[in-house]
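Consider the two complexes below, in which subunit A is the common component and subunit B and subunit C are the respective partners.
On to the complex of A and B.
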């Protein structure tokens, strides 16, 4: 007798699915194979402006070892059932824990949550997928190790492995997370276990210190892909600097963004400012201050500039708010601080430090710049009410001229659908991530439909201008992948065929499938 | 009775929580850890949340559902340690949260990270005269939306949760005294949810 299920993997009959589930229970134990609808609720989509059923999982499994994953993959290959691995599944605006396609089994790796090693001399760590930033922070505090890591804004509940694999970014000098990873362990679809870089060599003790090994460097193909399940990751930790000097610079006009970027880029490239500089628009700052939209505007459409100006005046918020920090000794920071003061004075900015501000936004930003996890940025969900959010994140050159152009394009499209421009530019070494939080009421069907259409138009309009996404919400994976052209996709497909011929690892993730 | 019909029966005017069938279905669907008190976590500083928590308390008491109430500040509900401490109070039990959207996402995601399932979630939007509710539940393909006039909105939603928990429905007491929409007068938004921990 077969069980009636609401979601099944594509092309899999209920009877076959039940047989597979039975075998998975033998491997993992019944309590680690979830098919009951109510217990599957944590794996339903949250921040995707599409109907629930499009991303409904058929089951969830929680293995606790590499050996269990190997055995699971043998069963899934036998039945050709797709699995969607997640580490903590908390990259909310980029998708959450829900599978990319309906019916995929979610492989939740949260029980694999060991901090395997931390080397305080070499400043490295080796972690499993279920480790959260909060857990790592608590570990370092408990051991009194003067080491920092970089984390993204939803840090307390997210984890370093998942964020690195998704090529996420943070706010310390180690903020480009993939760049500061060193060595992966990957379970391949055929159950082989690959260790990248020096990890392939028996008895090597350099897995976490030398990235490249010999021959092609493979780590990159396991990020934003579905070629294997990453079960361990090495990461570099930053020695806590003797002097940490975070600051904000507020600018009064939206058009100031051009000169801000032109002034800060040289400092960033020369590493006078060693961390990613965030340039947050007033409407990113306001909800985290906190300010409520409805206290200023309740009419139709996007919030008018006049209301934004009132918010800024009432709450002492800049049109743009720069966040960065100096990391060094008192002597080096004293010297570099003079450069920051000169840049602020020369560009018409006002420097804000913790001593002269009580803003909650300032607090959470300053904590993030020293890798202290917090949940301050969740305040964005209160801006509009209804708590819906999709992150639209095109990349651009770190040039002032790009910023105004991108902001105007985004603002016009958002306004067409009645949404506000809530954006920030994150200045990397030579690029910028322009992150726009498309905030909508996810309890409102019409707004949800509009959010979907708006994202679609943003995506295609930006792509026409040559601006590609650095990350994308799961619901738009296929469309974003398509903007990168056919040759890249063809190569990705060939790799998929070679490494996962049964197409069982998250088919559709980042648009890769057979 | 399937879940959709169950929730519909609860949200339909006049039959909310009064159907023995609904209570029976609720018991089958959600009745885990029924002997333990339900923890109701409300966000302080939000008049609409205070009103709903108060009404939940009254309706649960009338329905014979044991409960504990905690009001937590927005700062507490944004801190990892404080939220996990709240969840630690009810292992294997039920939590109802009444808070703003940001706190609601944090609370539900931290619960999910521990394997706890949110089985019922409702967004509430408060206008000048009425509250709009949008309810999602396990087993519902799509959300159910309805509106109530402000003086009565907390009544129906409280009965929905009581019915979902499988309590014995009985005549509730008088309405809570809190004034809906008090504060800035601007439209407000809340989320309430039921989690099996």
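On to the complex of A and C.
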């Protein structure tokens, strides 16, 4: 709290801002234009290790239609005021609902929450930004449609469109969410409405079934970017399999990650295991079991390995805990189960199923692998307490030696700053998202400062080794973008200039600005 | 875990379902305070993630403030998600609730 002055958009005088707000109220109605600081508070709750002021919005607006968004953009272009669109506005640990730069107006699309259509034959859905995973789950349940979606771990209050545009991942066979999206509607900065893929064609009925259309496929430029406001998204749903068989395999040593990855990669690539396998470290598993850190360690710095060993022993947790599932018919799963048993036996792993576990971690993981939303993973936040969290998320090859190297690098750097290695690997198809929750007490100034420095060192040390982030928080957007080199950034800037010459759409998001 | 009728279902299912003004939960409108509690609050506060909040005579203003501002790890909830009237209902529900049996 360094200043009490109300945030304003960069370079915009208070008088101009007030005039713009007045015009926005005419379009949206006064109740949908929020400037009162107390009502803006939910838009400024962040978990990142930077001051709230750095991400304070000047206002929040809640349009409920594409037409309103189009009108709003005309005003914002006129005044050159930047807007930061959010869908369900969660993205906790990546920036939450707060704008990437202080003073931007948050465009909150949560009220646009229609499930526009679900096609049970083609297994597709078309949704608006404000639809939550819970809402979609309820819809499928009410209609008794045996269709599953993939959702991220903290999913009940988050939504599919926002997660997809940030290229989030989940845990079913459809876990790479952008890959399983199909067709977007995007309001461009000049208020044109683009439908990607087949959606551009009048009277097309193939928008949700064929991604590419004719000519360049544009969908990718609207993810992790600021080139347009995505107002509809098609997504593919998975038929619920007749037989779903989730399991966990526990391994006793940290170095086992090498043989785990080598054993699982062929099964994943060949789709014997079709879902996004998770390999969770003991310190990810423990908070969600739940285990209290203070019951095992209250000293300074990172938790020692011997304390982790005691936790593992007391609570029956592996050094690594693999989560995966078989999806098929009883016959195919019976056949594939034999492969799983052989792999576990051959690598020294212990298979755990619901029948032989009482762990809460197992419950939420098994639910996630069939796309049932929950918030079980928020147990992580109790580990250090204090509401500090940023995700450090480098991409790795799905090779054992690479994962061990990344784990050791991360663990050493985290320990240097007094933080625990709370990590997991999410197996894509040939890649792994190495996701580490940098947990710290945000009410403690020193820990907050160290968390910031720690992320910075992690980022640059990994970048030197050629490891880049799959996704990053808004406070570090510029630094993360810089690790990808100048040419990509130059092209991104040219696109920005062409599509949003007044730089009004979330400037700074993913490091893109004029 | 089994859903043996799934494949049979797909042999007979047909027709695009377009949502009208359904009264069901999937309409995107909260039906009542209990639904909000069940589908937002309870995921943490009755799951060993957040503290139990029922049966504690928590003050209405305190509940409201925590919902809107968040509190440490607890996320903040915006009016676009839970509007003022809906929040008033949740606040009443929680502040006047009796304790639930610990699971």
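Throughout what follows, the second predicted complex is superposed on the first by the 508 of 514 C-alpha atoms of A that agree within 3 Å, B and C clash if a C-alpha of one lies under 4 Å from a C-alpha of the other, contacts with A are read in each partner's own complex, and residues count from 1 in each chain.
Basically, a contact is a pair of C-beta atoms (placed from the backbone, for glycine too) under 8 Å apart; a residue touches a chain by one contact, two chains touch by 3 or more.
What you see is a predicted model; the values in this text were computed from it and never measured.
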When subunit B and subunit C are modelled together on subunit A, clash or fit: clash
Partner contacting more residues of subunit A (subunit B vs subunit C): C
Which of subunit B and subunit C A:241 touches, first, second, both or neither: second
Subunit B versus subunit C as contact partner of A:143, first or second or both or neither: second
Subunit B versus subunit C as contact partner of A:427, first or second or both or neither: neither
First (subunit B), second (subunit C), both or neither touched by A:114: second
Partner chain in contact with A:261 - subunit B first, subunit C second, else both or neither: neither
First, second, both or neither for A:39, with subunit B first and subunit C second: both
Partner chain in contact with A:27 - subunit B first, subunit C second, else both or neither: neither
Which of subunit B and subunit C A:51 touches, first, second, both or neither: first
Contacts of A:378 with subunit B and subunit C, given as first, second, both or neither: both
Steric overlap of subunit B with subunit C in the superposed model, located at which of 74-82, 128-136 or 164-172: 74-82
Shared contact residues on subunit A - subunit B and subunit C: 38-39, 41-42, 62, 88-90, 92, 97, 110, 134, 156-157, 290, 374-376, 378-379, 381-382, 385-387, 442-443
Residue ranges of subunit A touching subunit C (in the complex, touch as defined): 34, 38-39, 41-43, 45, 47, 60, 62, 88-90, 92, 96-97, 108, 110-111, 113-121, 130-131, 134-136, 138-139, 142-143, 145-146, 156-157, 239-246, 290, 329-330, 360, 374-376, 378-379, 381-382, 385-387, 389, 442-443
Contact set on subunit C toward subunit A in their complex: 1-7, 9-10, 13-19, 22, 24-26, 28, 39-40, 43-44, 47-50, 68-81
Of subunit A, residues touching subunit B in the complex: 37-42, 46, 51-53, 62, 88-90, 92, 97, 110, 132, 134, 156-157, 290, 292, 294-295, 298, 373-376, 378-382, 385-387, 441-445
Touch list for subunit B against partner subunit A, complex: 29-30, 74, 78-80, 100-106, 109-113, 115-119, 123, 125, 134, 136, 138-139, 141-143, 145, 184, 186-189, 191, 196
